[in-house]
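Take a look at the structures below.
In the two complexes below, chain A is the common chain; its partner is chain B in one and chain C in the other.
Then we have the complex of A and B:
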């Protein structure tokens, strides 16, 4: 199995979400933005109160002491999750570079979760499906970036 | 609440949580550094404790669903014009602790704010007003000692100034950022101040905590301060900025020194202040080498020698009853710039009784100092900076019309980066990440955002000052300086108007 490099990928004309850990305050508003964006009603109160169990965010705030940052899918050039997927649910869009996942095809084997070197794929327990960042298709700026109150997330091409 | 002393329950604020909107996301619990919001794992719910709330509004600002509202506690003691809740609660606190009441920011008593009792003039018919969007409008200000008279040398057929000037500092706006030390606020705020000062062509002041190594590059926009503790003062530091400010006193706590507790002295602050890690940083009440104007003169000239007469020397005092005479002495001692800090000036920590009861309003001090220096014919020998409660651009214009060369803003600058004036700076737990060096909290200030907001504030006030000047038919801030004819008092008595040197509205 091919492994993705641990250095976050850059370049290839693709905008990605990058972290600035020196100003991340660990408020987790990015996670809330993600949950709301991926909820049917796209309303913060409805997203949390009308859905049970509470949906999982597709980005994860990692914390150790004062250091924190919000990490989401790196949309790798050689995605380990894609190679690990046994059901062909994960595909990399050749045009946008987005590594997408088709929940219809996902069988919940969690191979992608084990393969991802960044630990950014999660179980959506209720449906036994894996969930991952889709860079908020249809949005100019991903919800997590827009929700960040301290510009600790930036959406840019590097 | 259960194990809390009974009279601690008279909380200042109540936290109103709308159960229909709260999503138990824990953002409030993560943001509150006073633990007024607590997440309960067993129920998956967030609970609040009103007695811990300081009214900083951080949770309210961060709540993603708008479920929180922080209100003054409506619970009232029996109405009493003498025994107001403020006094009653303070006595409870002191009966509990036996200690001095501490507070932050500036005087919050309802003393008269004279800015609000002065009105500006405008041109009508007989003198044209000026539109600053179409015509030049000069806000550039030069700080420094001006000669008694200009000498012109026209000997060689070319007309030139003879003799030259002592050093001058040109600032694009008559607004500087006040002294706030590294320690009282953190490095991220300092970075924001320094970058904004650089962008706008103004100055910021290091305060007495020394200058962090990473900020030396902003030297052209830096005033370095030398206070009674002499923290971080060395030859390179004195030469790092464009001016050195000798701080004698501070408006929030005239006559007393400072104390940065040892817990706040981490490795970076220790290196910058040149004191051991964990050692209390005590600033004595007086400078122990300055007990007279003659002593002050010695320090001024020691600094001038140390900086090769290239840097301006500012001397800052708190506005007190005898400011005018002291200021006269300061000018004669060789100060290039005099800073007056009024009793509404802020602080990171001061005894409440001092903050609220010592000093005088900056408007009065400014008017009397300017008048005294003019009477003595030495007003040109020093520029006059005022600080302490400048809240808006109209306050700046009124201060300049009363005789100031420029103003310092501290509280206003901090408000622009998020401060809500909760007055708990002394706890070191500032939830807005300003008056704290806690690594969890200091990150809340992103220097890039702070820079933009501070620069925007100066830019906005600059536009407004230009509009007000234009309305008065003046096209340069220099023409407003000390032009008290442009001010009228409203609701002032005879003595107040005499001291301010202005007429009443209608006169």
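Then we have the complex of A and C:
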């Protein structure tokens, strides 16, 4: 991760998902959009009724009083999760910049959870695997961004 | 430009990936004394415990070396470095010429002064071949003594126990995990291990291995007691494998001394990983920190330097994430601070096997220990790495669900803007 005190360089060439906390209404439709997108049938009823245990969303919505916002994977230039991964499950695609994870290779050591400065990698407790954002590879706009009714998530290059 | 890397662990991979991010052409040669392609060294305990298959231990796909245009020499041990002629000599007699050299030879197991430790039925637990040997033994033996109650020793003990062996861990300190954990955290894990059926002998050590007809029968302890066993696993820790560098006249202390670009005192020769004594972010001095993420990152910075794309190494932070019988643990930074100049905040719930401890210095977070609940612990490592003032967040950080919403808006927004 780049040190937060430094301003990122112009035109990094990669779109990322950013939150706008002033317009987030805490509805968590982003989490639902994420779960549905990553379910086999990509259907909300089937995802919530037929998949057991229900998959974990790959973003994390924080709420504290009136404040709410989604925290999303930054697909970092220097991914701390990748550096910490002991099994080789995490890799950064040199073309897209997406930091992806192969659940087959994950051994559930939680090193990525310890290392990710955004705290945005979760345990998929049932399978003892870590689960992380794949930026909806293949979609033009990530499902969480598309699901947001108040444009509190944006997909853009900064 | 000919790049040569001695060693084929995670630091070596960090270097290869960094070199290739800046230079697709120059030849890269990796010299590996082990006869394997790179594997996840900490996974040898998962392999021994039967939790992963052998094909799952490899850290990079089979085509990794070819895809990165790397020549891998396996089963070749470097025996000398000629810093003037710029050549690495191999045991087999060959010489490998280099322009830029990375020494990433890792660590070698520390061998304690115990009578009889150099005889049969004594094993280490640091390589894939060690795990394979123990795997065969595990099918035959019933009682094993593990010497050392640190991370490696306990993971070896857990895996052997899972294979149906009666394991006794003997630890010199009065508690387990004394390097990275305090008494509270160590106590929770010790209780869990004992409940699971692993015997712990603390404040004691093995002074002698007793053999009958050349087979180990028992160990004698420093308090005069003895523990019956058929084999001993020595897992006290590793020390930097620096002899090659030392012999070549490269500057060493505990490990190979490196500057901010992972370069040794010999221009064009670099060191990274468990063998290196490199900048520590929190102590502001050079230290040997044999942990996985630091090895990758040091290797990465060495590789960037070798490829002419140098970026200063910001310094490492020790970090470990390990689970013991379903209890996840994380330790990071200065987890057991000296008495003076540090503030410790802690919350212990022994009945839930939970513990959360934070260490502050000058209003900044410098260390943490988490047992039981480790979700989002990376936020803490980010606060350490970024040197954020957490004076106003003390009580919030002690909560298990601590997050960005607890922070002042300007801190939160700055942290969340980074990538």
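Note that in this section the second predicted complex is superposed on the first by the 147 of 158 C-alpha atoms of A that agree within 3 Å, B and C clash if a C-alpha of one lies under 4 Å from a C-alpha of the other, contacts with A are read in each partner's own complex, and residues count from 1 in each chain.
As a convention for this text, a residue touches a chain if its C-beta (ideal position, glycine included) is under 8 Å from a C-beta of that chain, and two chains touch if they have at least 3 such contacts.
Treat the numbers as computed from the prediction; the structure is a model and nothing was measured.
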Practice problem: Specify the outcome, clash or fit, for chain B and chain C once both structures are aligned onto chain A. | Solution: fit
Exercise. Specify the partner with more touching residues on chain A, choosing between chain B and chain C.
Key: C
Quiz item: In the superposed arrangement, which partner chain does A:44 touch: chain B (first), chain C (second), both, or neither?
Solution: first
Quiz item: Counting only touches as set out at the top, which of chain B and chain C does A:84 meet: first, second, both, neither?
Solution: second
Practice problem: Check whether A:127 is in contact with chain B, with chain C, with both or with neither, and answer first, second, both or neither. | Solution: neither
Practice problem: Check the residue A:69 against both partner chains and state whether it touches chain B (first), chain C (second), both, or neither. | Solution: second
Quiz item: Which holds for A:115: it touches chain B only (first), chain C only (second), both, or neither?
Solution: second
Exercise. Consider the C-alpha centres of chain B and chain C from the C-alpha centre of chain A, and write down the angle between them to the nearest 10 degrees.
Key: 150
Self-check item: Partner chain in contact with A:26 - chain B first, chain C second, else both or neither
Solution: first
Quiz item: How far apart, in Å, are the nearest Cα atoms of chain B and chain C after the overlay?
Solution: 14
Quiz prompt | chain A positions touched by chain B in one structure and by chain C in the second | solution = none
Exercise. Report the residues of chain B in contact with chain A in the complex, numbered from low to high.
Key: 20-21, 23-27, 30-31, 62, 64-65, 433, 439-440, 443-444, 446, 448-449
Exercise. Can you check the complex and tell me which residues of chain A touch chain C?
Key: 1-6, 8, 12, 16, 18-19, 60, 62-64, 67-69, 71, 74-77, 80-81, 83-84, 86-88, 94, 105, 107-119, 121-123, 158
Quiz prompt | Residues on chain A engaged by chain B in the complex (per definition of touch) | solution = 22-29, 32-33, 44-45, 47-49, 65-66, 147, 149-152
Quiz prompt | Residues of chain C that touch chain A when the two form their complex | solution = 14, 21, 40-43, 46, 51-52, 56, 58-60, 292-293, 296-297, 300, 314, 319-323, 328, 330, 332, 374-379, 381-382, 385-386, 388, 403-406, 414-419
